[in-house]
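Chain naming follows the written order as A, B, C and D, and within any one chain the residues start at number 1.
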Amino acid sequence: MTDLLTTAAERSLADRFTATRMLTESLAAPLSAEDQTVQSMPDVSPTKWHRAHTTWFFETFLLDPGPADYRVYDPGFGYLFNSYYEGVGARYPRPNRGLVTRPGIEEIADYRRHVDEAMATLLERATDPDTIDLVELGIQHEQQHQELLLMDIKHVLSQNPMLPPYDTLTVPASTTGATAHGALSWTEHRGGVFDIGRSGDRFSFDNELPRHPEYLGDFSLCDRPVSCGQWLGFMDDGGYRRPELWLSDGWAIVQSEGWDCPLYWSEVDGAWYEYSLGGPVVVDAGRPVCHMSYYEADAFARWAGFRLPTEAEWEVAASTGPAGGRFLDQSTLHPVATAGADDKGSLFGDVWQWTSSAYAPYPGFEPAPGTVGEYNGKFMVNQYVLRGGSCATPPGHVRASYRNFFPPSARWAFSGMRLARTD
Amino acid sequence: MTDLLTTAAERSLADRFTATRMLTESLAAPLSAEDQTVQSMPDVSPTKWHRAHTTWFFETFLLDPGPADYRVYDPGFGYLFNSYYEGVGARYPRPNRGLVTRPGIEEIADYRRHVDEAMATLLERATDPDTIDLVELGIQHEQQHQELLLMDIKHVLSQNPMLPPYDTLTVPASTTGATAHGALSWTEHRGGVFDIGRSGDRFSFDNELPRHPEYLGDFSLCDRPVSCGQWLGFMDDGGYRRPELWLSDGWAIVQSEGWDCPLYWSEVDGAWYEYSLGGPVVVDAGRPVCHMSYYEADAFARWAGFRLPTEAEWEVAASTGPAGGRFLDQSTLHPVATAGADDKGSLFGDVWQWTSSAYAPYPGFEPAPGTVGEYNGKFMVNQYVLRGGSCATPPGHVRASYRNFFPPSARWAFSGMRLARTD
Amino acid sequence: MTDLLTTAAERSLADRFTATRMLTESLAAPLSAEDQTVQSMPDVSPTKWHRAHTTWFFETFLLDPGPADYRVYDPGFGYLFNSYYEGVGARYPRPNRGLVTRPGIEEIADYRRHVDEAMATLLERATDPDTIDLVELGIQHEQQHQELLLMDIKHVLSQNPMLPPYDTLTVPASTTGATAHGALSWTEHRGGVFDIGRSGDRFSFDNELPRHPEYLGDFSLCDRPVSCGQWLGFMDDGGYRRPELWLSDGWAIVQSEGWDCPLYWSEVDGAWYEYSLGGPVVVDAGRPVCHMSYYEADAFARWAGFRLPTEAEWEVAASTGPAGGRFLDQSTLHPVATAGADDKGSLFGDVWQWTSSAYAPYPGFEPAPGTVGEYNGKFMVNQYVLRGGSCATPPGHVRASYRNFFPPSARWAFSGMRLARTD
Amino acid sequence: MTDLLTTAAERSLADRFTATRMLTESLAAPLSAEDQTVQSMPDVSPTKWHRAHTTWFFETFLLDPGPADYRVYDPGFGYLFNSYYEGVGARYPRPNRGLVTRPGIEEIADYRRHVDEAMATLLERATDPDTIDLVELGIQHEQQHQELLLMDIKHVLSQNPMLPPYDTLTVPASTTGATAHGALSWTEHRGGVFDIGRSGDRFSFDNELPRHPEYLGDFSLCDRPVSCGQWLGFMDDGGYRRPELWLSDGWAIVQSEGWDCPLYWSEVDGAWYEYSLGGPVVVDAGRPVCHMSYYEADAFARWAGFRLPTEAEWEVAASTGPAGGRFLDQSTLHPVATAGADDKGSLFGDVWQWTSSAYAPYPGFEPAPGTVGEYNGKFMVNQYVLRGGSCATPPGHVRASYRNFFPPSARWAFSGMRLARTD
């Protein structure tokens, strides 16, 4: 898999297209036809749907309107594998994706080959900048679905009382040791007016634009994400039972859902375990805590006496520090350590970090023209921004200006948190 | 498949066990791993679950308490594949059966072989009447699941907008001709006190006992089940839009669900189609109408100026006539014809027939001792009795005293109806 | 109130009309405008709605189609106060009855006077048998709503954490003493074919007809309804925690609703109280237990080793014994005692008794022609029959053939139970 | 009522307390006991609950912890009339407020008098700044409930198919004329860093603090709120049927709820009416459109080619212009005109204006210590900010820094919108 992950900028577009397509298949490879079929909640999509939908994206936006001789693989697939683009017609209801057994995984593999071959031809000749931009968007889109595929299959397999592993994986003990979570270490940042958003002409999603000034006061960010050890401290202090720590909507869901620990945690005979993609592992105090909602992150910050950073604060801090981090290429598929001495100051990797910023358009935001303009803009409500990428994010996919987003109750992403304070 | 279906009484128990087990696998054979995994509504179970659950039944009630050297295949399966027996412990929630991807279909095949081998040994030595009764119950239980498997996969596949067939099947045109549904022909029955329920010492489910007297007035039953042509007449006359024809609860569901035809029917460019296990076929006026709820059957009867029979009336009539009918061995998996001249008077086969009788214990009913006593008794509320067997019922499985039952809103069984009148 | 309750058969129709109308107002008198407005669940109707709906019944079925000079009080009331008659047009959604603040209680009083005056004139001249039958039906209908009014307001007031009384009432201790519930005493009945249903030409609802033969085996009925003391024994023996005692649907609701005692019971510092219309009272072991669902009654009977009677058994027994019992004229509005020595054998009064009979049409049932034909027939599904009347039933309203009915999960009626056994 | 509304700053605290308390009673005066009891959806509270809750606020936060001789009116009221303060104990579930009939409106009037008398004594002696701050908070709190009372009773009465008026009110035609909505007129604002939030030591809610700098680009605001005439243009252009105009969550609710016009609008024989507190009135093209959700406001802005202002933009603009506007003292209880020549540039009154700003804490936000700290902070999620006050807002209550907030789907507030653009 390692080679597939070297999607370095110097590689050609065609190479990166191929590597991305192969990585998706590689991520699906450990999964049986049964595994690839199930949708465990409306937010989740089946693995085989991800494989088909990313293919449909290239077929619909590049091949169908492109080469005159392109033959659409199956006209019925447009209805089945359109995710949310109103501009290209009706679509199968999202909550029912797991009810569709056919096409099966072999036919979807054939569909992928059919599209990949046509794309190879197209890429040989492609010089039109709009086409190149769309291919790039399709690659980035598929990378997003690679992380979604892992999030989703984790949720699917967690429904099985036997908690089977996705694959044979080793989740190492934290390198920082169980005691590293005790003291907080901070990096200070001076306030002022800063430019936020993607700069230069390299690829970005439309939601990172336009670059624009924002005023920030003085602030500090913690050098490490919050650890499982710190989270256990919150739990031991009654964190899930004290309404004064919670937003009102968060407290309501704590009570209705009976939340008393992060998603995938369970207590067996007094010991805490978390379900990883390698199966259940003991909760390691030194590892970053993962799979908590915005509500929980916010309550933890209030309990700790600090707060979440805004997305602008995070971006300013991330723009100046090192960009290293643990991504999908580490192959643990689990956050393994809070940043240690070797990567102090890096804000990337291991876990996405909730910010206190509601997902909103930047001043002057313009969605792309046409149907791909539905990519981001229409979701800018009722969600919060996360930053930094995770152990399930393809390497090279994120950057300082990258905005991920989920509803405040969502827990199945590889979401964690980092504390901030006003100085 | 034909040979498997010859489960004649003269065959040995071991032979019938083997034939039944093989028929289940034969019914699952056309289905992919993806097909066998999905649960399209809480009432439906995945194909692979049916295959495992029927196996679990033999393991739990015969092998586990039986041979000292029997090794339980996987202790976790008890939790996954217990359907509803409170007496043998906790179980996985029924509405979530479709979320469990593992064991997959290959492992379930292995589980079946494991149990079948142990059962073969057990059957060689079995002489204890209780054991023989339990084996017989297990066979009858698996036959019930054979029909459920077909009902359930039909519902699963119908969720796919491409309406794929279960298998290559031919659904012949009705033999009675499109005009045969016009005139009603009746058979009259004198009233009196009749014994109802299973007699003799042959196998029956506990719900068919005890045999007991009931008083009936004079009545007549129609010689044929209601046909699609008659149903189209009901629809054309506003049957689904006239509240005076409906039970109040039925009218509420007509409105909330937007019912305007039987399940699996659809109108395309003015022509009516019904989805069969062979894929969509034109609605044939001469075929029995199928897949309607009790509410619809009751409304049709009121519209026609008649009524549904009681289960006692049906049983009295069926006990005197011929027992032939179209069952699973006809291999159409679809009701093909209202009873014609050749089988006039037979009340069996093609479609289960809704009766007006709420499912209730017979006077003096005693559930079997132990956990298998949960088989029937605890469901005797909020359901209505159907009689006669269908095109998806294994041959030899039903009899005049056989009681099937579904909630009045259920439509996914092969359910039809036959008119009755008070004379 | 006593005089209003003397609705003896020898009184004239006009007198009985007037007494019935006055009794309704008398039952509403203790209630404020606020009390009369609220609907605490979809099954419940506001007091002021009952007062208006019973009035609308006379206006719609007698006055509007009757005297040429009758002026409809307010044409908008037809929409607001039609309960369920599809035949007379659209109606306000039942679950929203509690959202309508106007007309208020004073205007409804005026509406009642307006209709009463017109009815007085009509009754002076009425000789047409159809008219007289409709007036009789209107009186009987209003009597049913008198009991509903009491059931409903009890549910409304029970939502108030202060548990206010409906009125100043004395709920006496049981006359039988706390120990009387220990031993069961039975009356035996021989089997045979019996005529069931209303006989003669006196008033009955259509659901009591036609009188028809049914076959019954030998059976016995308990001489007393089940007492609170017996129910405490069931609770103490884990009755609400043992799935083997319950119908499957019943067990599901026990778990989802957390039922562990009858409706209106609560435990405070180790003592059990029940909410009566006079406010909370200590649970008295000798009083009949009340406000349990069919599921609970069925589970209790199974626990006790007996069963519920069928409605035919109950009717046969009730047709031969004394008809005395404690009805609304006792003014306790609470069941006060299991039948003692003075009324041994009477099956009437105190609590409605669940039977094991699903509510179904009698053989040959014909609803009345026209819109009043919607009175009963369309509810004959998903309900069970109760017999005998209660402490909230107007005296003279019930008889041996009288069929009351509720869904098996309903608990807010004055419902109790009596054990039966097969001999 | 006029005098009660003169809550000018120069009046004493005691006078303002008295005037505020009297205004609440004056607003409830047109309503019957029935009207005051009903809760038409979980967001709505009954009028009598508002009257009691505002009283409970003074009792709980000032009287109970205050004068030694104060006698709590009824200890049970704490449970009934606590809105959401976890810090003072359990409370009756919000969605069930409409189920509580007692105390009735007379007893609540008595409760108010009891508290008012004790408060009068307390106010005579009050010099402690904390006490004075709490009284001020209680007054401001009650003013908020005055507007809620009007919003809520409008929703309650709108459930009645007869659409009764709250009171005899005249809703005048718009002064601007039906044609005034055609051309948009804008006021330009230069960008830069601005201080946002309440300044000085006058009263504010904690959510207006701390005052802090924000960077804004150049922008313009429309001189008038969007009019009904403009909204009809949106509707005529398919605004409610074009998914490309909508946020994804908004489009989902448009479809599930069938929205095709603002709340309280209805079309009768081709003419549009809106329900006002004076009853139905013809939709007047020149009046500000009211009762639309954030989703609708956002979709309208996209359709018009503009956007909603941020709350900071609105505040900067409002801080420099005139503060006049139509509030509750105009007694129309309906927005009557888009701002005309006489008040050009005023951003206040008639309708609350949705902004594009998610409701969030200002940098450095600190909730007040103690239970009153629950006033605002815990609601800072899943809501959007509205600015400017409405025709139902008590005069003197709002200011440029005032932040109102509702979920994006809420429509029952007097919510409107004003267009903005980036320059």
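FYI, a residue touches a chain if its C-beta (ideal position, glycine included) is under 8 Å from a C-beta of that chain, and two chains touch if they have at least 3 such contacts.
Fair warning: this is a prediction, and the values are worked out from it, not measured in the lab.
Trainee: Could you find the chain whose CA centre sits the greatest distance from that of chain A?
Mentor: Between chain A and the rest, the longest centre separation is with C.
Trainee: Averaging only over C-alpha atoms, locate the centres of chain A and chain B and give their separation in whole Å.
Mentor: Centre-to-centre distance between chain A and chain B: 46 Å.
Trainee: Would you kindly tell me how far, in whole Å, the mean C-alpha position of chain C lies from that of chain A?
Mentor: 59
Trainee: From the mean C-alpha coordinate of chain A to that of chain D, what's the distance rounded to whole Å?
Mentor: Going by mean C-alpha positions, chain A sits 38 Å from chain D.
Trainee: Using the touch rule from the top of the page, what residues of chain C touch 2 or more other chains?
Mentor: Where chain C is concerned, no single residue meets two or more other chains.
Trainee: If each chain is a node and each touching pair an edge, is that a line, ring, star, complete or other?
Mentor: Contact pattern: a closed ring, each chain touching exactly two others.
Trainee: Touching pairs of chains, which are they?
Mentor: In this structure, the chains touch in these pairs: A-B, A-D, B-C, C-D.
Trainee: For the complex, which residues does chain A have touching chain B?
Mentor: Going by the criterion above, the answer is residues 32-38, 40, 48, 76, 79-80, 92, 96, 98-102, 104-105, 156-157, 159-162, 164.
Trainee: Where on chain C does chain B make contact in their complex?
Mentor: Against chain B, chain C makes touches at 84, 86-87, 193, 212-215, 217, 243-244, 246-251, 294-295, 298, 356-358, 360-361, 363-364, 374, 378-382, 408, 422.
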